[in-house]
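Each in structure tokens, the structures are laid out below.
Okay, so chain A shows up in both of these, paired with chain B first and chain C after.
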Partner chain A sequence: MAVETPPRVTAGTPSTTAKPETGQPWKERWGGLFFVAPFLLLFVLFMLWPIVSGLWNSFFNTSLAGVKQEFLGLQNWRDLFGDPAVWSSLKNTLVFTAMSTPPLVVIALVMALLANRKGLLGWLLRFSYFAPFVLPATVVTLIWVWIYQPGFGLVNGLLTAGGFTEIDWLNTENRAMLAVVITTVWWTVGFNFLLYLAALQGIPAQVYEAAAIDGANGRQQLFRITLPLLSRTTGLIVVLQLVASLKIFDQIYLMTTGGPNHATRPIIMYIYETGFTSYRIGYASAISYLFFAIIVIVAVAQFKLFSGRGEAE
Partner chain B sequence: MTTATLPAATKPPRWNFPKTASAVGAVILAVIWLVPLLWALDTSLKPEPETTRAPITWLPESPTTDAYRSVIDQGDLIRWFFNSTIVSVLVTTLTLIVSVLAAYGFSRTKFPGRKVLFGLIIAGILVPPQVLIVPLFQEMTGLGLVDTYWGMVLPQVVAPVMVFVLKKFFDGISRDYEDAARVDGASRWRIVWSVMVPMSRPILVAVGIFTFIGAWNNFLWPFIVTTDPSMMTIPVGLANVQGSYGLRYAQIMASAVLGGLPLLIVYALFQRHVVRGVGDAGIKG
Partner chain C sequence: MPPDPALFRPGRRAVLGGLLGTLALTGCGALRSQPKVREWNLFGGGDGARLLQIHQQYVAEHPDVLFEAHTLAWGPPFYTKLAMSAAGGRAPEVATLHLSRLKGFSPTTMLDPIPVDLLADAGVTESDFLPTSWNRAVVDGKLYAVPLDTHPFVLYYNTEICQKAGLLGADGKIKTVKGVDAFLDMLKAVKDVTGKFGASVETTNPWRLWWTLYGQLEGKFFDETGTRLVLDDAKALEALTLMAKLAADGLTPRSSNYSALVAQFTNGDAGLSFNGEWEVTTYQTAKMPFSMAPFPVVYDVPKYAGDAHTFVLPHQSNRNKDDTKATVEYIAWMLKHSAEWAAGGHVPAYQPVAKSDEYLKLKPQAEYRSVAPDVLFDPDAWFSGSGAQLQNEAAAAFSGVFSGQATPKDALAQFKAATQKLLDTPSPV
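Showing the complex of A and B:
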């Protein structure tokens, strides 16, 4: 780190020397904290404190009213591992993540390759691909519930027009998750698309010119230059996407409320139900911590993988 | 295609077929992505009986804005729109101010414990807000902030990612500009606002737009911290629409269109900043 600049200031402007000198020791040592203080205050109040109080709660039999607190020790944590609803909602979360991540990465890449062009067409493509991302979850799900509607919804309308039988997408156990995944891909692929697009635009044109002079055709340029140069971006997108997919709640809550028969209920929805419907704050906190641990493990593992690969390059 | 007839020496070998094919593919994909939006718009312009006709029809036979009128007459949507605007503007402004100050503090000043604090805040990036809903709601109940704007806003202002991204950006700005300002007698406070902020305007615009979109669209937290319909934001309020309108699809789609339109317009206007900003913040950051 570079040395602080005030010495130079005093040298340059003798008239102000008195001020820094009298205030210097204290101001120099702690002054910077003032810049950090507003964020820090909010960080402590609305992130650190809930983290600590949540952990504390997980050892008690706390209800939402918070009146009676009975110390349970590790009981909530023991219950957690024997609770089939925890495991089934965890499984649903992982299934959703496994189903949604590959298309959200691959389609984003294809879109970026297709939309990396100038002019009006480029603008229109970028607008179409990213537009759904700016919509609120509720708008997205209102539209898609209507699209999946049996009888007169768009998807089933097209299915019947093509001679297929209708599917009651959101009320069929092994179709509901697929329906949610399709909606999610449509809604959120735009963000990954923009990340890829930015990376593509960062590749210098000279690289392609040189390759063309060497006689590389379009396909060779794609597989030998573009895709390898995008590998770091792909790593980044996969990490961000895995973590984002694991946090699934909004679309499922709004489209299926976790049904049919809890077949789509993700872990965050189980936390929500435990805390706000069953009022078991302590137990909900324990489940939150389990989920938190999973997110941290995924993120750290990916980061390790990532930085390891970076060093090898 | 015709490329074969061109003299190979003067032009680098090009294969035109993939170019045309990719343009066609790009447009097809764009149409697929737009169809759900168009279908919603289409439905919202139909009279109710037309929406539930068995073989689906595309264009409304007798287009009408009845659905929009009845949705707006009910009044809630305007109230929610107002709430969403207040909450999103507050979240965006406060996030920018607080994060810029913190980023400057971590990038340019020294104080005991600075590195430990920064590490702690960076670790905060890993904390999914969803994990905090239960204790945070208890806290808000204790503070009396349930069903208030501040109750919705304050937790959203804590964005460790912003501090991280901005600090990295500030690290890359040469100290010469500050030194010059200091020679002219500017305080560090002045330097933040008249040197650092103007120099990082593109990234601040991008970060601001994303914060605004995120705040406008945030569902889970406002959903938990509001129970009074008059305090709800658009995403939360619309969640109850399906139930209250019954099976009146034209009205449901009209409210979806109205709920989604403001951000589509914002995005269309700022697309350039959004695309560039993702590059600055996401790739280099």
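Showing the complex of A and C:
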């Protein structure tokens, strides 16, 4: 259920280009349609149709097993509100989002500030900060599952060497989510870092030069010039990150399969279990619509906040 | 002399025509009279490597059959893909399926019945199987699965460690242990030798251990109609309390997942291992001094959690007669060659092989064959079976008993509530 933020329309002012004249030949008015037709077809087939059929299914007891389905009305929706697994898994998704978003933004910014320099060190930092992002989820989780392993894992090795007791990261209820968050930050912070780095390099050098002549020190330059000029990028990163974090599934499925005792099961995993392991496509559709609504609300709220700030500038 | 490129530039129509022609030609390949057998299986471990070898022999002996085998990830990923292909009517000709999953797989809509006459023509009949496995493969009077093996929960033991612990008899085999006290003494003796654990267990998914212990207490799960949970609290708690004690006394790890279970037995942290019998190849490859035996009868009766792999015909909208015949012959061929399959640990379901010298000679694979009639399948329900929801709920509730995060009482209450919720859910099959 990918929800992309729509591209921001920058040309808010009325456009000066003339509207197409009504007398234009058919070919020119409809020609464009032929060019977008291949995309449109795929979009309708793989986006619009599943969205509509998902809503349709949520009113039936549709089964993956192909048994005859019956109309249930709002039964699935009523069940959903009384199903504690829906709420606990939704809570897990929100907890993950709340835990992962701040570090993924702040650390990315710090890394970008560190790596925004010329020479070998800059190159090395840029390379090493971004490198984990290119790894596939399976590789990342495999590495980290071993790192967290009690007995012979790296983290617990360090803990015991430092005189602390071992922690069974992935099998302890109030540690497992933290472990997944740490892995996620290591893996995906490189993307936000790249966005920040690009924005940093877009700040003209003469701004800093002027500030230096006026006697601003490095700290003042950072807080008065760099950070304000990065605010648009920060807004973008926060929106993208919130949506990406809400869609958490891969790492958790691969690292803990939602355990221990469902403590890390995100809502998408519950949807998957319901729809595919238990074949209850109808009920799973209803849950995914609930989640869809939440993502839309978050995205719209962020977008409003973000565009409001943009106009004030 | 190079030709003038302009003369040889193909037009759009020529290219399209050429492409269509090529497509038509490859299409013709699909219309050949050769029967095809596509097989999907879920054997990713040591048994998967063995299956590959058996398949190579099959292909060599059947040059007339177009044979294709695909291994998919065990558990939910496999069953999801199989269900989707069968629901769409475009499934492979044959697939593996856990017998415990048969009812939950909606046989009437997602599977095609096995043509028993063709199977008999290929030399395989009901009398070749134990009634327990054959009867479970029949739904509404029709045969939907052909059992390939039985795979019980067994005891692995490191012969060197157990020798030092004084647990081996004069024949070099582990002495049979009976009763809770003797069971605990055995684990303590091993722990004293290893200095770490007695046995390695998959604490993150202890369903099989619990189901074995509960079964040995003769506990019931559902009533005869299969609609009411009749779990015996006292017996369930007895089994859970024993599991909690194992971990609390350090006889088993407090927390270990499947790969850790294998690692701890391989590296000697544990001298015993409670697991299904399918890791034989792994430990043989590691050149470990080990053998295997039936899981001890800790309580009243010999019962061992287990399951069986079967062959099924997933539903095809347009089933081809020749393909089906070749498929049934493939199944029969596999059963007759299941001694090689048994080398991977599984007890053959096909009795002519199970009684053959070739199988009986296999050590340690034939050491635990006696338990086959006492294998306890998972409760019979749509949400039950290997890798299905009931096992997941048991894993969620019971892993806390080992780690100490949950008391046996709380764990049982949670598991019962989860099971009841599944029972209350209208069956999707």
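The working rule: the second predicted complex is superposed on the first by the 288 of 313 C-alpha atoms of A that agree within 3 Å, B and C clash if a C-alpha of one lies under 4 Å from a C-alpha of the other, contacts with A are read in each partner's own complex, and residues count from 1 in each chain.
By definition in this document, a residue touches a chain if its C-beta (ideal position, glycine included) is under 8 Å from a C-beta of that chain, and two chains touch if they have at least 3 such contacts.
Keep in mind that this is a model prediction, so the values were computed, not measured.
Ranked by how many residues of chain A each touches, chain B and chain C are led by B. Contacts of A:288 after superposition on the shared chain: chain B is touched, whereas chain C is not.
In the superposition on chain A, A:114 contacts chain B only, with no contact to chain C.
In the superposed model, A:164 lies in contact with neither chain B nor chain C. Looking at the shared chain after the overlay, A:223 reaches neither chain B nor chain C. By the touch criterion stated above, A:276 is placed in contact with chain B and with chain C alike. Within chain A, the residues touching chain B in one complex and chain C in the other are 64, 66, 149, 151, 276.
Of all the residues in chain B, the ones that touch chain A in their complex are 12-15, 18-19, 22-23, 25-27, 29-31, 33-37, 39-40, 43, 51-56, 97-99, 101-102, 104-106, 108-112, 114, 117, 121, 124, 126-128, 130-139, 141, 154-155, 157-158, 160, 163, 175, 178-179, 182-183, 185, 188, 192, 213, 216-217, 219-220, 224, 234-236, 238-239, 241-242, 249, 252-253, 255-256, 259-260, 263-264, 266-268, 271, 274-276, 278-279, 282-283.
Of all residues in chain C, those touching chain A in their complex are 76, 79-80, 83-84, 86-87, 105-106, 109-110, 203-204, 254-255, 257, 260, 269, 383, 388-389, 392, 395-397, 399-400, 403, 405-406, 414, 425-426, 428-429.
Contact residues on chain A toward chain B in their complex (touch as defined above): 1-2, 4-6, 8-9, 12-13, 16, 29-36, 38-40, 42-43, 45-47, 49-51, 53-54, 57, 64, 66, 110-111, 113-115, 121, 123-139, 142-147, 149, 151-154, 157-158, 160-161, 186, 191, 194-195, 197-199, 201-202, 209, 212-213, 215, 217-219, 233, 236, 243, 247, 249-250, 254, 268, 271-272, 275-276, 281, 284-285, 288-289, 291-292, 295-296, 299. Taken together, the chain A residues at the contact with chain C in this complex read 61, 63-67, 149-151, 168, 170-173, 259-262, 273, 276-280.
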